[in-house]
Amino acid sequence: MKRAITIILTLCMVIMMLSGCGGGNAGNVIKIGVYEPSSGDNGAGGKQEVLGIEYANSVLNSVEIGGKKYELKLEIVDNESSNDKGPSAAAKLVSAKCSIVLGSYGSGVSIAASDVFGNAGIPVIGVSCTNPQVTEGNTHYFRICYLDPFQGTVLANFAVDEFKAKKAYILTKLGDDYSVGLGNYFKVAFESLGGTVVEETFQEGNSDFTAYLTTAVNEKADVIFAPTSTEAASLIIGQAVSQGIKIPFLAGDTWDSSVILDAAKGSDSKIFVSTFFDEGDDSAAGSKFVTDFKKWLNDNPEKLKNNGGNDIVAAVSALGYDAYMVAVKAIEAAGSPDPKKINEVLWGVTYSGVTGDIAFDDIGDAIRDVAYIKSANNSDGSWNFVAIQSVK
Amino acid sequence: MEFLNTNLPYILAGISVGGQYALIAIGYTMVYGILRLINFAHGDIFMVAGFAMVYLSASLPLYISIPMTIIITVVLGFAVERMAYRPLRTAPRMSIMISAIGVSYLLQNCAWYITSGLAKQYPTIPWISESISIGTATTKIVTVITPVLTLVLVIALVILIKYTKIGMAMRAMAKDFETSRLMGVKINSVISFTFIIGSFLAAIGSLLYFTNYATVTPIAGAMPGLKAFVAAVFGGIGSIPGAVIGAFIIGICENVIKMFGWTTFSDAFTFALLIIILVAKPTGLFGEKSTDKV
Amino acid sequence: MNEKNININGEITPPDKKNIFFKSVVGFLRKNWIGFTLLAALFAIIFILEQVLSSSSMLFVVLKKGAIYALVAVSMNLLNGFTGLFSLGQAGFMLIGAYTYAIFTIPAEARTAVYQYFDGGIINFTVPVPIALIMAGLAAALFAYLVGLPVLRLKSDYLAIATLGFAEIIRAFFQWDKLGPVTNGSNLLRRFPVFSSTLYPFIVSGICIAIIVLLINSSYGRAFKAIRDDEVAAEAMGINLARHKQLSFTVSSFFAGVGGALLAMYQTTVQAAAFKSAMTYEILLIVVIGGIGSVTGSCLSSFLFIASSEWWLRFLDSETYIGSFKLPLLASGFRKVVFSIIIMVVVLFYSRGIMGTNEISVDALLRFFRKLFRKDSKGEAA
Amino acid sequence: MMENILHTEKITMQFGGVVALYNLTIDVNKGEIVALIGPNGAGKTTAFNCITGVYEPTNGSVSFCGETIVSNHPQGRMKKLYLGEEDKEKLRVIRPTPDKITKLGIARTFQNIRLFKSLTVFENVLVAKHMRAKQNVLTATLRLNWREEKRAREESLALLEEQGLLQYKDDLASSLPYGLQRRLEISRALATEPKLLLLDEPAAGMNPQETQELAEFIVKIKNKYDLTVLMIEHHMDLVMQISDRIYVLDFGKLIAHGTPGEVQKNQRVIDAYLGVADDA
């Protein structure tokens, strides 16, 4: 018995080593790396982002450079939403010789892997990592979403405009750069608009939010700002509903997910999120994307499951789609699969995507000045478009 | 009165959380009492119970899916003991503990694989998920039911242990494992029975817990599991009333800490409490002192 | 790694005071020349590989992380395997090391960016990397000393839980907003100096492991093992339990701290949230798989562990087609399932780990090959 | 007048409600072999544990070579269980750990052999040398203590050779046959350089032949190392043959004391061992 197991284990090991060593780059393939979480805290969001990228790849899977046709192939790794697993996942992409990388959902992992890509000279397009530190001080990280200072300010403005809010309760997750960062920018903006804030944090793995919500009520907060992952969000909403809390919730782009709609459905909670994209967008590009993407989702049960079991288009999917298209544009413009060349031309790439026009400024951030505000419709479980908000 | 009005929700939440921890903590304390094993996988068995309910209730009515969930959990608890702990009965303590960590790792990863890492919405169980108002606080009925149900189950368990034959065997084994083996106690079946009771209570605990918190994730069992274990140690491991009282103390303290705004330290406080009690009274509040024979 | 050959038999050539140290060193080198040659060869191979292969190859990632984990695993083995103290606080001490290193080495000009919410932080000087590494160890050791005072009196499982609890407390403490000017709250620390060559972690870990091995083979190491085998008898042999446990705990934490600093360099960023109890469990599994009480086992298994989890098994995570046939089961997350099954198999069927309490040494290898050879010749004769 | 080496003053040891040892007063003089006998559960090993600091006695004190090494008094940790009268002058609490007592010069063996199972025979003896070395961690790790280490090794080897264990030096202690394990345990105790040696049932599990050898061995090492021996033993042959004096314990109390001849004739001892007539 033991001997048999030993032999099997050794064999497995040998096979693994062989398979681990294999995987060279075939002639006419350009690899686009996808550095996204599919497990961990941000797994749900990461998967939706990957869906957008995969969909884009199914729409456009080849590119012609100098008369030669190259196949575009995705190389997807799971960074496990974890800053310590991220670098080795990134190294996997680097060693697979990707020409350009997309990702990640979650700013912390993006920052953590930044140097790995940077040292290898591979450009990265951040899809929905909104923390300023991602692109700051380097030349290889770009991003196509807006930034937290912008988003925080937008939401603070919205809180004051819409609810005449004087006091905000901010709930952020410890150790989550996105959450802490956005909370901080909201606080700064909200205070500069004359409001006061109460801040609290929760630990990873926490599932009891009743105490936090009670504090929000006792402090007589006018709005609750909770930029958290969707997992925490659904817990917060559920417990708020059962406690009968009527204070409106505000949150950033992460809450733009069907998970939130499910949690809020049938209750009388008020949820407002800022996001990059609105499904009801009536621009030609936007509506075409929404229809086709939904069809693609519904044709693939597996993909539908990854989207959370329904075909509501998450903003991050749209962003993922755009990021892919920008990457392809850059490859075309560079006229080569060489990462260094792509990096150089990326600065000048412009693209009209489903989430708006994209061009990079001198830090590598997309120039964006509007955010969509949506609210959850509690009766039919969909998003209601509220406003396009820009900063004053 | 004003103080009570504003802070009632914290206390309520504390008592409810305490009840849920208590149901998990009993599983820890019973297994530890008999095998001297920290069953790190217990929290994950609790998590699996949550997922079982999610998947079963998707296709079956509640009156079938709830008993099924309990059965699955009990079978899982039994199987874990059978496959991961029994072969190591004579191995050093550390190996068994590591096996427990391995099982916990395995269960979490399997859950991750099956759910593809996405959080699942827990089904609403009628009546107990409705909201009620107590004084100034609004909460779910389950919050109120939890401590009551916990106490009822604990009393039943204490009676079982005190007055039945198998209960006597369990007590004998907790006192002296080797001697009870020599006296003809069927240790394997008693151990299996212990795991079955522990898993049963964990399944009930998961029903109450997830009705309250509504989302199941693969790591949902880790923190409650650890806290429940701390509660068991706090109360004096091996002692069932100790585990229950420890669980309530920890549940309430945790929420009181949040009430004062020390949210960063709410988990840390639990552990600080544990260390203080361990250093001051190494056997916990109600633990029995054992002296090593030299 | 082969530092394990160090083996003092008291056969040091006598008197002549002046030269005695020199002579003993020479004697020591002469006796262990094969080991040192192999070690030198290993370093040379890594150096050559780095010149030949692209530096981004997964091999180097695994080697770097493996070397760091080897150090941490050996330090945990010193405590759990050699002293018999079941401690689960490793991640906490690594955290202290990582933060100490990061805080004192972030260049002044980068501080405003890193401590963006805390006005650049309050520490405005940097120390050289080697000193920061030692400081990382010392900080962890100091903390371990303080923690050890109350906690080490506890017995086995209680000790494990108490140290686990301390690690959690440390983590919460480092995330505390009020300490933000020093620790940057719960945000990332980054932009500190990191290593690029694989040789760096190998050399640092190598030196540290060599020191641990020297300690284990010294009189103190014997005392530790005596405590592990039988506390009562050890005490009756005049070994001060409290002092020796404290010593082992502090030394182990020192190297965990250095390991934490190296890990910070490897990750290029540090964040308290990453140092969870899961990290301790991972290291514990490495120790167990390698064999509790075997230094070379810990080293070997840390490379295997890291390679399997981060490299070899990754193909299980992606859907794979052979022709048009989709391989079943392969999907995101499957890698971890397979990995945990392998771990369970090892734990259940090889509870002594790869090496048990044995060590790989040059002598043992030679003996092994000789035996193999003899068996072969016997077979031929028959 | 012989020089007193060990004196216990009214040691009482109470575990919860059980009094394991009550007001035990014994004296051991230099160069003697003294035996402590009594039926199972009489409190003999408890007495050893109190003397060597494993237990902290509820009451009483122990002095070694005229110096108090263990004591308890009304203000001590065990004050709730304190049984004696208050003695205001003895306010100093002495609560030594076993290692300090070993260092003073009392070595012991255990009833159920407690060797370091995963260490070799040589290392088992070498461990005992650790406590007397002047090294610290740094010097030991960097081998700056090589001189000391060398001496310890030489002494240990010499000891092993003398005890006839040299050929087993690289074997694991747990792989030795039972009799040799006993002998190793005694050698290990000798390596701590004791003045007083406490032997806890050294002849347990031995046949008459082996017991006889052991008797000679004990006398031999006593003379050679200038030792005093206090031993617990059930083999009456051995006890009667080599001990100078005997203390008899029953149910935690001292019931008899004297030379082998005296004790053998003592009616209480006979009752204790054989049971009172109507009991039997």
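We just call them A, B, C and D in the order they show up, numbering each chain from 1.
By our rule, a contact is a pair of C-beta atoms (placed from the backbone, for glycine too) under 8 Å apart; a residue touches a chain by one contact, two chains touch by 3 or more.
Model, not experiment: these values are computed from the prediction.
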item: Centroid-based (C-alpha) most distant chain relative to chain D; value: A
item: Geometric centre: closest chain by C-alpha means; value: C
item: Distance from chain B to chain A - Cα centre to Cα centre, in angstrom; value: 36
item: Chain B and chain C, separation of their C-alpha mean positions in angstrom; value: 33
item: Averaged-CA centre spacing for the pair chain D and chain A, given as whole angstrom; value: 71
item: Of all residues in chain D, the ones touching two or more other chains; value: 54, 110
item: Multi-partner residues of chain C (at least 2 other chains); value: 172, 175, 177, 232, 332-333, 336
item: Numbers and ranges of chain A residues touching at least 2 other chains; value: 38-39, 174, 201, 203
item: Contact footprint of chain C on chain B as seen in their complex; value: 32, 36, 38, 83-84, 87-88, 91-95, 97-99, 101-103, 105-106, 109-110, 112-113, 116-117, 226, 229-230, 233, 264-265, 267-268, 270-272, 274-275, 278-279, 282, 292, 294
item: Chain C-facing residues of chain D, complex; value: 52, 54, 97-100, 102-103, 107-108, 110, 114-119, 123, 126-133, 135, 137, 140-143, 145-146, 149-150, 152-154, 188-189, 192
item: Residue ranges of chain C touching chain B (in the complex, touch as defined); value: 80, 86, 150-151, 153-158, 160-162, 164-166, 168-169, 171-173, 175-177, 232, 277, 281, 284-285, 288, 292, 331-334, 336-337, 339-341, 343-344, 347-348, 351
item: Of chain A, residues touching chain C in the complex; value: 1-2, 5, 9, 12-13, 16-17, 19-20, 38-39, 76-78, 82-89, 91-92, 94-95, 108, 111-112, 114-116, 119-120, 132-133, 136-137, 174-177, 180-181, 184, 201, 203-204
item: Complex contacts: residues of chain C adjacent to chain A; value: 54-58, 61-62, 65, 110, 113, 116-117, 172, 175, 177, 185-188, 190-191, 194, 196, 263, 266-269, 271-274, 276, 279, 307-308, 310-315, 317-318, 332-333, 336, 342, 345, 349-350
